[in-house]
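Order as written gives the chain letters A, B, C and D; numbering starts at 1 within each chain.
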Amino acid sequence: MKSIKVGVYGGTGYSGWALIQLLLAHPEVAIQFVTSERLAGKDLSEAWPLAPKIPLQSALKVDLQQVDCVFLCLPHTHSAKIAANAKKAGLFVIDLSADLRLNNPEDYQYWYKVPHAAPDLLPVVYGLPEHYREQIKEAKLVANPGCYATAILLGLLPLAKAELLAENMPIVVDAKSGTTGAGRNPKQNILFSEVTGNFSPYKIGRVHPHIGEIEQQLAANGVKKGNLIFSPHLLPVDRGILAAIYATVKNAQQAVTAIQQSYTSEPFINVLPEGEFATLAHVVRTPNAVLSLTPAGENHLIIMVAIDNLLKGAASQAVQNFNLLFGFDETTALLNAAQRAGA
Amino acid sequence: MKSIKVGVYGGTGYSGWALIQLLLAHPEVAIQFVTSERLAGKDLSEAWPLAPKIPLQSALKVDLQQVDCVFLCLPHTHSAKIAANAKKAGLFVIDLSADLRLNNPEDYQYWYKVPHAAPDLLPVVYGLPEHYREQIKEAKLVANPGCYATAILLGLLPLAKAELLAENMPIVVDAKSGTTGAGRNPKQNILFSEVTGNFSPYKIGRVHPHIGEIEQQLAANGVKKGNLIFSPHLLPVDRGILAAIYATVKNAQQAVTAIQQSYTSEPFINVLPEGEFATLAHVVRTPNAVLSLTPAGENHLIIMVAIDNLLKGAASQAVQNFNLLFGFDETTALLNAAQRAGA
Amino acid sequence: MKSIKVGVYGGTGYSGWALIQLLLAHPEVAIQFVTSERLAGKDLSEAWPLAPKIPLQSALKVDLQQVDCVFLCLPHTHSAKIAANAKKAGLFVIDLSADLRLNNPEDYQYWYKVPHAAPDLLPVVYGLPEHYREQIKEAKLVANPGCYATAILLGLLPLAKAELLAENMPIVVDAKSGTTGAGRNPKQNILFSEVTGNFSPYKIGRVHPHIGEIEQQLAANGVKKGNLIFSPHLLPVDRGILAAIYATVKNAQQAVTAIQQSYTSEPFINVLPEGEFATLAHVVRTPNAVLSLTPAGENHLIIMVAIDNLLKGAASQAVQNFNLLFGFDETTALLNAAQRAGA
Amino acid sequence: MKSIKVGVYGGTGYSGWALIQLLLAHPEVAIQFVTSERLAGKDLSEAWPLAPKIPLQSALKVDLQQVDCVFLCLPHTHSAKIAANAKKAGLFVIDLSADLRLNNPEDYQYWYKVPHAAPDLLPVVYGLPEHYREQIKEAKLVANPGCYATAILLGLLPLAKAELLAENMPIVVDAKSGTTGAGRNPKQNILFSEVTGNFSPYKIGRVHPHIGEIEQQLAANGVKKGNLIFSPHLLPVDRGILAAIYATVKNAQQAVTAIQQSYTSEPFINVLPEGEFATLAHVVRTPNAVLSLTPAGENHLIIMVAIDNLLKGAASQAVQNFNLLFGFDETTALLNAAQRAGA
């Protein structure tokens, strides 16, 4: 008997479908509805050849009384009002969009160039379980972190907490993402003919809005805003993020130790032994983050962080948050066979 | 001093840009205009990072008096009327769309599900130089063949002419194309995220409209219509077509000889020695077609034909036709260094 | 408490690792040993970044007394003698190589160009559960079918059994496989630099040794040997097979019905509704085969069959066979969440 | 009448074949021999399906008297002695290996872990024409720069010369290369099955030997050695390098101007307007380098440099050097049609 009834807003995008697959495998979850505006009235299998026959409804028509929790897999600006309604109905909310990640509406407007649609909701707990687990357990609303932000904060938060980042030095992050990160709406720049054989930076410098949530979390741990230099790139792969973080640190060896110790007992975080490097192959189609740490002299540390953008960068992190909200073991429905075998 | 002035309709698609690159290298061609409706008023380099700064005009505004010849790189249904106007203005016309390929408007309507917009133009010479060279030399309008049709007819026409195809037997063609064949307008099914790692058939059986032009040319050489079974597939590559033709023949060895002899002195057609197989790597980014011939018993022949869909399947074939129309050496602007060196 | 103890020969190749992942998820299986000659003494995680720490042993040193069943994921010619020893020790054997697939040693020598190393073992039950389920249940040795053979026989055996294949007509099979089908030993033709952007046929006509096992199974159902024309190709994808089968049939509609009825209650076989076509995206990383059926006139049927070459074409089919041998539900450890949900 | 006779050592690798294609198109070059140890006695077309029939000889058997200049497309450690012999014979030498790039043998041993085989040859002019053009014109031996080094030095040398790099600050370079950079000898890590869908760093920190030649050139312009942090990565593409250089500068706007002015009249260097970013699509299959410059605050500059690793990173740069050595226009055989048209 499945104990928790959930609804998924936005089931036809990449992260929505990734989430639905995980929820179908969850022993305590019953999916009550999935929404899609474009395919309302049709079936989820119209969007995904491997999907079961789940009817799709317009978000305007769903009955919130039938669920305990909603997952919002919607574009930013579309989530805030739905989250507000769900909160009013007393539901738990896990928002995978950017709408609830920034603590104040001015920051939202700065990074997203539009006013926030439900500023009264803010601030909301930031759903990075490895660093905010206890707060998530007490929350009703959770802002699931951005995919890039997840990778970068997993590398930097242990250094911020240990006060090991050198002050007033640039933190360079050169990150690369697969094309599912750009969504499933057709655009010329993500056509196969354009992406294959290519590799391209975009929004580099101080432009990408994930800088907002990254610096907010770092600032909460004493790191001054404004030093992050962030270059995202589009990789010719469908899934995965690899972020290379170049940090000036007070002591590289202490920095290595701080990161290792942060994740000693984390089920989804794997810090590789020295000399091995994180790659997409370590993480794609898994809920894991893999880090590798390479000191370059006494004061520099290269941190490579690999995640699957659709899983640890979206759907599996949402399920971690769900498990915490409802008191289930955090790994429920997420460990694969190799991990259960003690990998 | 460039002697021939040309205009290119539709310079922002894949075949238009492939054509412009060849025309820029042509010693006798001056490009007078390039059209684009979407980017009219802007520059070709907005569409292609490697393009020179050629202004783009709306097709409605170009002055036909300034050119001798027009190339139409437009979707089907868009070419016919422009071709009619250009003909009226006394110009040479090379149409890369499907609009002029079928000899009668009923066939056009059957295969393309729309009435023909300028039926009085039909029939037009079919621009497959290896088989219709003399007719092309005398023409003012040329219908550049379809990409699949080019590959398949290069394999089958020698057998039709030699009356070596067994009667009333299916001719099976299993063909595979790169994604540029599906154009540059964004659609979900040609996104990188959908195509990478995938391989998918489409319009299989007796559905794809290139069947119309293929059977028309075969019928002109005595082969009854209706026996072609054609399965196109989308490959996770950007360029190239490989067509596998499974023909039942009266005598496989005679069939091999007939094909070899057809192409002995053709500059762009290479029939591989027995035991080697045509691949995309033989042809991509070249104007060549490569064929390999594998008998399977006495009465079956497997013909593999590889071309670059944007070159021999579109732009370089258009330049072959241009060279024939204007009396230049057919290979002008088309032979690469290795071929000039006697490859 | 895991009830069945197994050993895996050859855990460092693609199919070996795919199998180990499934076995780790199997509630009744305990892996006692994994062999590798190249990495003996090291750990499986040296070969695969996601693998648990399972020690690798030389095949010469394993203790057969500790296991009930062995899986042989070895190259052909390496399996036969190990299978003979395992049989002598009273074990169940599932051989994923070609060594046990042909019923007589002469056929083996004809197709593989080497003498059979253990002819006394032959014949062995052919492990295609959808067609030989009852025989597999009674067997101790099972020959797991070849990847291409699995796809092709799933399409053709229902027609053979229903006597719907036209006599003395060629059966054309144009098949395409991902690169994992070529193994993990480095060779120039499977380098990324050579495969990306390319597509290439190999061993076409009557050459590929899977013809032997396909025609053997068809012959057992009354189809004369010698009419199969088989063109395998290498696709620029890592996983998946799509086989296009062009069959001349006595009645296309009866042929469609025969195939549909064969698989009505098969858990891993999905026949698509008319108008949809099987693609790799339907099957990659799943244990399923997906078929689509397209009549072309009254006497021709195009059968597209898609499988994952490492799963239904190797490892998951081996687990199906294992489940049958030991009396478990055939789908144990194989259904994914979407399927369990009733996809 | 071709005026210069050349020999190519190592014609069967990726850069050798790229070079031969350019030399075949060069109006003043006659190729007298091509060497290959593995395919000696066979023909270049055995190695490359598009190659002309040039016989391959062992390097031990070629007659140096017949040529004016040799190109060495050999692995490092294989070039030095052949270069010494060719010098003794009075020939011009363009070495594409690493053997002649470092000025002293100790540095060579430090970075390549083997003693230098012909230390008397050192130092040799560094063949980066945009920065050492006059020296190359006077040379007989030229060390063609490494592929990564070319990209990185094109970005950094203008800043070093203008004394705009902040002192004692790390220079972070995060670079990505296609798989042809790893050569054509089969290795497991460059198999298609391993590379597709993956992205992986290697030799990161202060390990990759190109650091040696980069810091040597920077040091010659006043930049202290030891501050370069260099992370190369393997991209799932066959060709192209994109290097992201994160430099702390004295003044970002002056830095932009310095780079722009350095390349104003360079035929193969294109600095993009602000707001556009260099991508592989700008350069693959061209002899060009494309740079984009993005200030991040007053003291940081992000320099993206894209080149084709086989052309500007190897073969076309070798031809630039050849043209300079022999007094030809530097662009001979290198400008494509779009560039000649004034792109």
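The working rule: a residue touches a chain if its C-beta (ideal position, glycine included) is under 8 Å from a C-beta of that chain, and two chains touch if they have at least 3 such contacts.
Source: prediction; values computed, not measured.
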### Message
So using the touch definition from the top, which pair is joined by more C-beta contacts, B-C or B-D?
### Response
B-C
#### Entry: Chain of greatest Cα-centre distance to chain C
D
### Task
Report the inter-chain centroid distance for chain B and chain D in whole angstrom, where each centroid is the mean of the CA atoms.
38
### Query
Between chain A and chain B, what's the gap in Å when you average each chain's C-alpha atoms?
46
### Query
How many angstrom lie between the CA centroids of chain B and chain C, rounded to a whole number?
39
### Task
Among the residues of chain C, pick out those that touch two or more other chains and give their numbers.
194, 196-197, 236-238, 279, 281
### Query
Which bits of chain D are touching chain A when the two form their complex?
170, 172, 174, 176, 194, 196-202, 204-206, 226, 229, 231, 233, 235-240, 242, 244, 246, 248, 277-281, 284, 292, 294-297, 300, 302, 304
## Note on the structure
chain C partner, complex, touching residues on chain A are 21-22, 24-25, 45, 49-53, 196-197, 279, 281-282, 285-286, 336-343
## Note on the structure
chain D residues touching chain C in their complex are 14, 178-180, 182, 184-188, 190-197, 236-238
